[in-house]
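Each of the next two complexes has chain A plus one other chain: chain B in the first, chain C in the second.
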Partner chain A sequence: MSNKIIIQNNRAVVRGFVVNILLILLTAPVIYFFYWLFTTSIVNSMTGNISFKNWGFLFKEMNLDSIIIPIIWPTLWFTIKFAVLVTLLDTMIAVPAAYAFSRLNFKGKTVLMKGLFFFNAFPSATIMIAIFFLLVNLNLVNTLVGVVLVAVATMLPNHVYILKGFFDDIPWDYEWAALVDGCTRFGTFKQVVLPSATSGIGVIMIFAFLRAYSEWFLFKILIFSTKYTTLAKMMQMMLMDDGDILDYGAMTALAIFFAVPVAVFYMLSQRQLMKISNLGGKKLA
Partner chain B sequence: MIKIENLLKTYVINQKQNKVALNGINLEIKDGEFVALLGPSGCGKTTTLMILAGILKPTSGNIYFGDKIVNHVEPKDRNIGMVFQSYALYPHLSVRDNIAFPLKQQKMPKSERYKRVEKVAKSVQLSELLDRKPTQLSGGQQQRVAMARALCKEPEYLLLDEPMSNLDTRLKLDVRDQIRTLQQRLNLTTIIVTHDQEEAMAIADRIAILDQGVIQQFGTPKELYQNPANLFVANFLGNPPMNIIRGNLERDGDFYKIVSNFSKIKVFRKDKSLNKYLQKKIALGIRPAEIMPCDTNDKEAQFFDVTLVEHLGDRILVKMENSNEGEESYLRMICSNIYPIRIGDRIPVKLKIESISLFDLEKNGKNIFIN
Partner chain C sequence: MNYKINLRKKLYPLWFLLPFLIMISMFFGFPIILTGVMTFTDFDITYRPSFVGFKNYQKIAMDPNFFKILAITFTFTLVALAIIMLMSIVISILTQYFVKRKVARYAYRTIWLSMNALPSIIYAVVIRGVFSPYATSGANYICLKLGLIADPISWLNHFPLVLVIFTTGFLNGANGIIILSAAINSIPEDYYKAARVDGTTEWGIVTQVIIPLLKWPLMYLTVTNAISLISSYNYILLLTEGGPNLRTTTLSLYAYQNAFENSQFGYGAAISIFVVTISIALVLVLFKLFNFDEMIQPCRIDD
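Presenting the complex of A and B:
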């Protein structure tokens, strides 16, 4: 009896050992990558001296060979404002749209549903020329409104589709019960449907925020000056036309600075993000 | 009083096809009455309830609550309480807030509505569970929360949609008694939808049996059981089901007999009114408990071969036939276990004549004795 337990324990130990080795092997490259990123930002590759010169953008303007990196905080502030604005607009449109797709029967629903899928298939780069001319016609090119609209529009189909899945999972019974219990249609939506879909709404908000936070392409195409610059755009500016990187040290420092808020955000929203694995599948109550 | 008048409900499947869910329902439910809507799945019973709740709109026909037509009244203005099959408890709210939810919609102040919740919760033994979330409750507890939520706004009508189908058998008995007791105490007009005939018979004052969107019969459990209006009701109610023997009605001396391919069952009845059914296709229905063993020389004795005996405790269920051909000719009999009946015996039995139902197969199985 006790022998058996010992054997079982030994097996568990061996299994745990194997699993840990595998995990270490798998994560080692990633950890090395971060290590390299961090050391490059503080160690001078020529002399081997440690210096925080590359992090200068935290305190003052940095003058590299051909471009000037301004002090970082206004750019960070602008990036966050932009991301929040896009997130809110995206959510405000996606929630009612997804609810309608989930619950209502209207003419052309099937076609529109297929459309959501279809529009997901295009990388936004391929439709950028058309979008550019559209914005020119609407006088929105080179404006922040234009960028926000395009950013929201390109992520909406995907988010409506994801959110529809979450609404589909809410049984009709909840809504019927609320109606019988004295709610209006809107009251039902507000008091019963929305609270039941918080995880889904959280998921698309995270998606929207992260995507807007790392947006640079739209600013490059649709804005002709540096008056609106996100962190990602700033990094992009450090790439030269032939693909070389202007200054490795400054680039890595900026990359780490860029990544920290995202990492913090991920840690805070981890539980929410885990629910993404349920997308499309039916959740059991 | 609830009155349903010529209720019709059709669903559009596509441009050419409509599915008829309800095909002319007429029903009148008295105040304080407990009515069950009973039928096989897809018979339209839940659709009827949904229309009563106002969740679905009728295609045509009228619903009266009292004297008022409520066809276009929103569910929230109908003053109904409803329990769903899934209970539909709001997962993000505590038990207390679930029960208080309808009161909150009436803009009742918080302290007052929580006081009311305490009172209702006490009547369904939920007082200790008020701070839990619905997912932390067992099935029976969830069911009670759903009941409490339906009752706390003191509705005029209570609608129950298969409220016990997710409970285990033992719990069902308790819950059913509780529901009945509550209903009687509050004198609440209640409609329950169920596919469980035992439940319907036990709990309801009157039962409406539905099939294919039509009410087949509406009456007290006893009426339905003893005088089924047609073959469907006869077949549907009772467990084990009523014995049905189809055949031609023929004369047999002073009496009648049913002759089918497989069997001859004598009907010891002198009723002259049966003459007009002679040589017509009819079906005889008799409950297993209305057949009994008798003496060999009893003048009403008919002989059957026993093919199966099942023990039901104090009684036995005997399956028997009077010819060796075919399967359809068997009868089931339930009798006391004092009779020493074994498989292979040939035993004399007689049918309790006054309990026989005859159905006219040329008129959709209508009961001959009921107009």
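Presenting the complex of A and C:
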């Protein structure tokens, strides 16, 4: 009997050991990525000493051998402006739509719900050619309005879908109570449902902001002037123009500068994001 | 009067939906149809398209690169999908079930979460930097030290497809880990206890308790990842731009390049139609997997 317990304990120890080794092996590349990113940004690539030369873009235009990195603040400012615009428009459109999907009856709701799921999974990259053509004809190509509209449209189905889940969770009794007390349908939406769905609205705002903040693809296709450049677009240009001969010191410094707001933002909002545990309606387990 | 009230009631949801419907039809519905129409035109840099019938499709059939690209697309999708699914299953089960200490579990989760949060462009910088041809770059440095290679190699020129597949798989896998971890977390502890009382081994718990309970998220992840692998080319564009010599060009990237680099919009659209068709088929599979009518609740207010 006691022998059996010892064997079992030994097995548990071995298992724990194997599990940790496996996990460490699998996680090692990620840690190495972060480590590499950090060390490269604070090392002078010529001498190998620690230097903050790579961070020069914080104060002045940097003229490297192959590329010029402009002073960073106007680009950051534009990126934030773009992200805020996208977030606001996205929320303004997604909230009422999600409410309708969750709470109102209308003809064709089933079809539209399917459409929502369809467009949620549908890759907008494949129809970018047609979207480009559309914007050319609307004279919206190379304008801020154009990219904002496309950016919002591509994230809308996903966000309406997530938000609908949050609305579904609000008990109907709240609305009934408000209606009995003489509130109108729109009144209940504004005064009862919206305040109860703030966490859901927060979640989609976080998603919208993060995605817009790291957008470069739409800028590559729909914008030709350098006037509108996000941080991500700037990095993408350097990465693709110079390829192998890139100055990775400055590039990694830029990457960290770009990532820090995201990391902070994400950590602050982690609890909020954990609230979406189901993939829209159906409980997982 | 009654009729008017009825009409108002009917139109009421429209006010909530109108902006959404406009956006969706403008940037999804219409472009999908337009892509179909464009395949029959010779739309190019002159912006004076005329109808050319099936010429673009004939051109695809004649394209000497087409089958090569199709093969690359298949390899890329299947191998990356296998990596994504395997990695997310293994890591999420290990961290959420086998790691009992809360601190360790939290640490692993934070690492993978933050991995998922950072923009793709940052990983492109890291991968290109670590695998750059310099002797001091990460991969060359380690391999030289270990004596695996004699001279520094240009990794992105020698093993472009391998690198692209692993990067895409690894980074998309991070997303799967989060979804599966949340799902495993929501399994009640009693299930495990019951299985142990019945004498199930740990391996048995994994294969007979956890995996069957993860059926839905697993199917969801498989299909959505397949769609995104076939149709998006984010990392490929950032890492190799399809090169060298088309060795990492997938169908959707080829469509993009034909349209936006060679200004052959009609031809690009014709290639896109392939990808669109595959995507639509996959989405329909997703529909079948998730029973839809269950998800739509009726309105419970009769006003």
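Operating definition for what follows: the second predicted complex is superposed on the first by the 235 of 285 C-alpha atoms of A that agree within 3 Å, B and C clash if a C-alpha of one lies under 4 Å from a C-alpha of the other, contacts with A are read in each partner's own complex, and residues count from 1 in each chain.
Basically, a contact is a pair of C-beta atoms (placed from the backbone, for glycine too) under 8 Å apart; a residue touches a chain by one contact, two chains touch by 3 or more.
Just so it is clear, the structure is predicted and the values come from calculations on it, not from any experiment.
Looking at the superposition, the partner that touches the larger set of chain A residues, chain B or chain C, turns out to be C.
Legend: residue contacts after superposition of the two complexes on their common chain; A:32 is shown touching chain C, with no touch to chain B. In the superposed model, A:195 lies in contact with chain B only, and not with chain C.
In the superposition on chain A, A:171 makes contact with chain B only, while chain C stays out of contact range.
Shared-chain residue A:179: touches chain B and chain C both. Residue contacts after overlaying the shared chain place A:113 against chain C, while chain B stays out of touching range. By the document's definition of touching, of the two partners only chain C reaches A:255; chain B does not.
Applying the stated contact rule after C-alpha superposition, one finds that A:100 touches chain C and leaves chain B untouched.
Across the two superposed structures, the residue set of chain A contacted by chain B and also by chain C is 176, 179, 285. Per the touch definition, chain C reaches chain A in the complex via residues 10, 12-17, 19-20, 23-24, 26-28, 30-32, 34-35, 38, 43, 47, 87, 90-91, 94-95, 98-100, 104, 108, 111-115, 117-126, 128-130, 132-133, 136-138, 154, 156, 170, 179, 182-184, 186-187, 202, 213-214, 216-217, 220, 223-224, 227-228, 230-234, 237-238, 241, 252, 255-256, 259-260, 265, 268-269, 272, 275-276, 279-280, 282-283, 286-287, 290, 292-301, 303.
Across the complex, chain A is touched by residues 50, 53-55, 74-76, 78, 80-82, 84-86, 88, 90-93, 101-102, 105-106, 135, 149, 153, 159 of chain B. Put simply, chain A touches chain C in their complex at residues 15-16, 19-20, 22-23, 26-27, 29-33, 36-37, 40, 45, 92-94, 96-97, 99-100, 102-107, 109-110, 112-115, 117-119, 121-134, 136, 149-150, 152-154, 156-157, 160, 168, 172, 175-176, 179, 185, 210, 213-214, 216-217, 221, 232, 235-236, 239-240, 243-244, 246, 248, 251-252, 255, 258-259, 262-263, 266-267, 270, 274, 277, 279-285.
Interface residues of chain A facing chain B in the complex, by the touch rule stated above, are 171, 173-174, 176-184, 187, 191-192, 195-196, 198, 285.
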